[in-house]
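These notes open a run of structures that come right after.
One chain, subunit A, links the two complexes that follow: it is found with subunit B in the first and with subunit C in the second.
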Partner chain A sequence: MSIKKLNKDVFKSFVDSMIASDQSVVGVKEKVQAKGNKFAFGPLENADQLRLDYDVTLIPPKKYMLPQTETLLTYEVKGESKQHVDEQKLILVGVHPYDMIAINQMDELFSQDEYDTHYMTRRNNITVIACDVVNASENIFASSMETAVVEKGFDILLTDLGKGKEYVAEAITEKGEALLATAVDATDADDKDIAKRSAIQEANKKDLDKHTLNCKPSELSSLLEQAYEHPVWEEKAKTCFSCGSCNTTCPTCYCFDVQDLVNWNLKDGQRERSWDGCLLKDFANVAGDHNFRKQKESRFRHRLYRKGKYVPTKIGGQVACVGCGRCVGACVPDIANPVAVYNRLLEDIKP
Partner chain B sequence: MSKPRVAIFDFACCEGCQLQIVNLEEEILDLIGAVDVVEWREAMSEQSEEYDIAIIEGSITRPEDEERIKDIRSKAKVLIAIGACATTGGLNKLKNNFDDLEEVKKCVYSDASTMPHLETAMTKAVDEVVTVDYKVHGCPIEKAEFGSIIRSLLLGKAPEIPDYPVCVECKKNENVCRWEYGEICLGPIIRAGCGAKCPTASYRCFGCRGYVDDPNVNAAVDVMDKYGLTVDQLKSKMVLFGSKQGPTL
Partner chain C sequence: MCDCNSTEKSIYLPELAPITKVAMMNETEMYMHLDHDIGHKPGQFVEVSIAGIGEAPISISSSPTEAGFDMVIRKAGRVTDIMHQMQAGDKLGIRGPFGSGYPIDEMKGKDLVFVCGGIGLVPQRSMINYIMDNRADFGKIAILQGTKEFAQRIYHDELERWAGVDGVQVLETIDVAHDSWNGNVGVVTTLIDKIDGIDLTKAVNLICGPPIMYKFVLMVLQEKEVSHENIFVNLERRMKCGVGKCGHCQMNGQYVCQSGPVYRYSDLANIPEAI
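Take a look at the complex of A and B:
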């Protein structure tokens, strides 16, 4: 597959021609509300809106595979139901490596055991253009989590060689190759360009490190093995609002809640699913109103066990925190930082 | 099965919540198709003594209100409180912050304050006087939530009323957190269901839907330090809708 070089103008017309095609194109844009310093994925109207120099988006791109709320099916009470599957084709531009790794993890989770048609159909209709990080966000710790660079999952990977003047673009799938071929004025990248790209990626492996985990991610599982009764859970959860912001901003949280909404005729309705979060008070409510994680400290602990121990057993040991740092910034009382919790455990426990 | 008879009553309020029902627009025909509205002062002249579901808007603020609401309760099979005035006491509870209501009356009505119809007492939410079966929160209520609660009742199902904070809906809307602007947003302790209306419009949540079941108010106090704010500043933000508030479920 090819590795191309696109200068600023070639890149711009490449993006503009995607937008002009019959596929929907979404990318990272400034959040208007925030006077230019916050970013969100949204529909692109022109190439100038695309901000590949962003630091982090408010919520991760998982909303395109697992929307905040979606209709799963329409039903008749005591009758037939009809599945809703969204088959819209989409090009997703500007996914950072840590978010790409999170998507790769979700792809594994949603295709194992019970294959999730709703998620997987959306996913398979998305062409992902990932991009290496140019500006580190305030709380990123991808270096510690070994998620600063990504090798698979995307169709094209972009690397900005300097201030958006030149990009290296590598296609690794047929879809990516076909899309990149539409950038007709792109040249082949030479050894020097590829060396520059490697230097940027090597630097990111060290520099995306606003919080430093004092062990290897692979050691978290054995650390947590011994940490269930540690006082840190209560210490931290004391000021927890159970607001779930550490879930709703997390690229690897995928829990959802399903509800049937009946129409006014009381004869038919829709089944919807929407994001849920394990920190919310009613999350573990089961039939009969028993809540098996009633205490906020056990919910708080559950999330960090999920990231460091439970989910890794399902996906070949990969840690389900990719170090995006979103939860750190989103938590009003500032207790959600996984690194702070794991490091606190490391003071007392040898993994 | 005959359609359930519904009566809508108002107490001390601005009638904004009834207006939300009127604002259902096309859906109001669906509502009227599904139930039999037998009394509704804002929309019709008929009155009725016989109803299955009583919908109550407004707070209880006078002794005679207490008698009236008890009478309604005794006739209704199901009683639903709608809007902050009814569910928590809402804005009307501001006056409960004063010890001397005679003073309050004089300040508000001056010379007219002795007129008998201006008799006043401490504000009560409806459930401080009679049993309330369901609450539709908000100032004003959300039309969609009102509709779905009524439909659940018609199906004989308990309505789903969120017991998680506004932050959940706020994050789904991809808002920048108001705390990042140094504002005291009550979202983390207030019941969701409004779709995080205020933060989505770049304004802090001031708590109109009332607290979640188990609000971590201590945490709110603890975080004030982190943001260089004081507990008094927090309290001043909670007074508008949070004055002497009881449970909201």
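Take a look at the complex of A and C:
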């Protein structure tokens, strides 16, 4: 498949023509005051709004595959239900490698065992244009998690060769190839361009390291094997608010709640699923007010075990923390940082 | 956006099935039968859906050797409250069966001890009646049933029927003495010493009851030197999807909706959140 080079103007008209097509185009836009002065994915109206030099978005792009709230079924109250599947086509521009890897993991989780057609239909209707990181965010540790570059899952990968003046764009799927072909003025990338791209990616592998995990990600599982009763859980969780922000901002958290809504006519309604979080107090409540994870330290521990041990067993050993650092910034008492917790364990335990 | 049927059927879409029979078993438990075959194994459960209210995981109480399936509903909240108002002819949404069920192959040829507390008998009955219909495949059977109060007893006719079957002993107790009761009084563990002619260490022991019961039963079995490999427990967790996605039923790395709710006790050794 092709590897092209697009200069600034060609790139802009490429994006503008996508926007003019019948597909919706979503990309990373300017920082928004209302969103804590953070970058955010949103619908693009013109190419100038796109900010491929962003550091990190407030909410990960998972919301386009697994929306905060979505309808699973529509029904007549106490009657028949019909499945509701969103089949909207979408182009998602500017997904960073760590977020792409998180999406790849989620694709595996929603398609394995029981195939989730709600997630998968959305996913299959999305064309992803990933992009290599230009500016490291305040808390990124993708270098440690081996998620600074990505090789699959996207349709096109963009790499900014310098200040947005030139991009290398590689298509790796039919969908991506067809889309990239619409950039008619793009030229074939030459060896020099590809070498420049490799240099950028190699640098990212080392430089996206605002925190450093003191072991290999593949060693986390055996570290956690021995860490269940370690004092760190209580030490850290002491100040936890059980707010669940570390769950909602995380690109790999996918637990959900399901609720029925009834419309004003009291005749019909919909069954909706929405993001849930294992840090929230009632997550494991059952009838009789019995809570299987009553203590905040047990909920705090559960999240870090999911990332480092439980979810990896479902996806061939991949660690379910991609080092985006979002939870670090989102946690007011500053206890959510997985690296801080795992490194603290490493002081006492050999993985 | 569209409500059209996409290629794949949703794993969250229930199928409507009519209730064919309901009966109150006591003040809080309602029996229901649905003439709807779902191809279950003993020990599995379904998700019952009432559109506009929600879903609840409910054990299948009957053996696959019988047509349709039975459920027993305790009023506990939104879905189960509405189920209690339902009658024959009303329809319920059903998804499933889910879960892994009892280890039937391993139980064949062995003596079996069922220790049940309260409505713990409900899922166990799916296995017990399977055994009754395949009696020659299994050894001696002891069914121990403990209920808090006399008025809360369930399936008493059936307990009597089982007691009359060759090689089956039924031992029943209630926690609180009652004028109309001249059987055992005390918690279910007091029945264990009364089991006749079964070597517990060689039998498969299957426990199902309220969370508090497990610790006491397990302690007694421990004293009797029953290996943890010969003990199975039936666990309850919060469940939202039944298909291993939503995360609610998770205990450590295990998804109860998929690998449970029946577990070999020795398999729970590395699962501190289990009991």
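Methods note: the second predicted complex is superposed on the first by the 340 of 351 C-alpha atoms of A that agree within 3 Å, B and C clash if a C-alpha of one lies under 4 Å from a C-alpha of the other, contacts with A are read in each partner's own complex, and residues count from 1 in each chain.
Operating definition for what follows: a contact is a pair of C-beta atoms (placed from the backbone, for glycine too) under 8 Å apart; a residue touches a chain by one contact, two chains touch by 3 or more.
These numbers were taken from a predicted model, which means no experiment stands behind them.
In the superposed pair of complexes, A:Asp9 makes contact with neither subunit B nor subunit C.
The larger set of touched subunit A residues comes from C, when the choice is between subunit B and subunit C.
Contacts of A:Val332 after superposition: subunit B is touched, whereas subunit C is not reached. Of the two partner chains, subunit B and subunit C are each touched by A:Val262. Of the two partner chains, subunit C is the only one that A:Thr121 touches; subunit B does not reach it. Touch criterion met: A:Ser81 reaches subunit C, while subunit B stays clear of it. When the shared chain is aligned, subunit C comes close enough to touch A:Cys278, but subunit B does not. In the superposition on chain A, contact is made by A:Leu109 with subunit C only, not with subunit B. Residue overlap on subunit A between its contacts with subunit B in one complex and with subunit C in the other: 259, 262. On subunit C, the positions that touch subunit A within their shared complex are 1-14, 16, 49-55, 76-77, 82, 91, 93, 211, 236-238, 240-241, 243-248, 250-253, 258, 272-273.
Touching subunit B in their complex are the following residues of subunit A: 31, 33-34, 38, 40, 58-59, 68-69, 238-245, 248-249, 259, 261-266, 274-275, 277, 280-282, 296, 330, 332-334. Listing the residues of subunit A that touch subunit C in their complex gives 72-88, 109-110, 113-118, 120-121, 228, 254-260, 262, 269, 271, 273, 276, 278, 283-288, 290, 292-293, 298, 302, 305, 309-310, 313.
Per the touch definition, subunit B reaches subunit A in the complex via residues 27, 30-31, 33-34, 147-148, 151-152, 154-155, 160, 163-165, 167-168, 171-172, 174-177, 179, 187-189, 202, 212-214, 216, 218-220, 222-223, 226.
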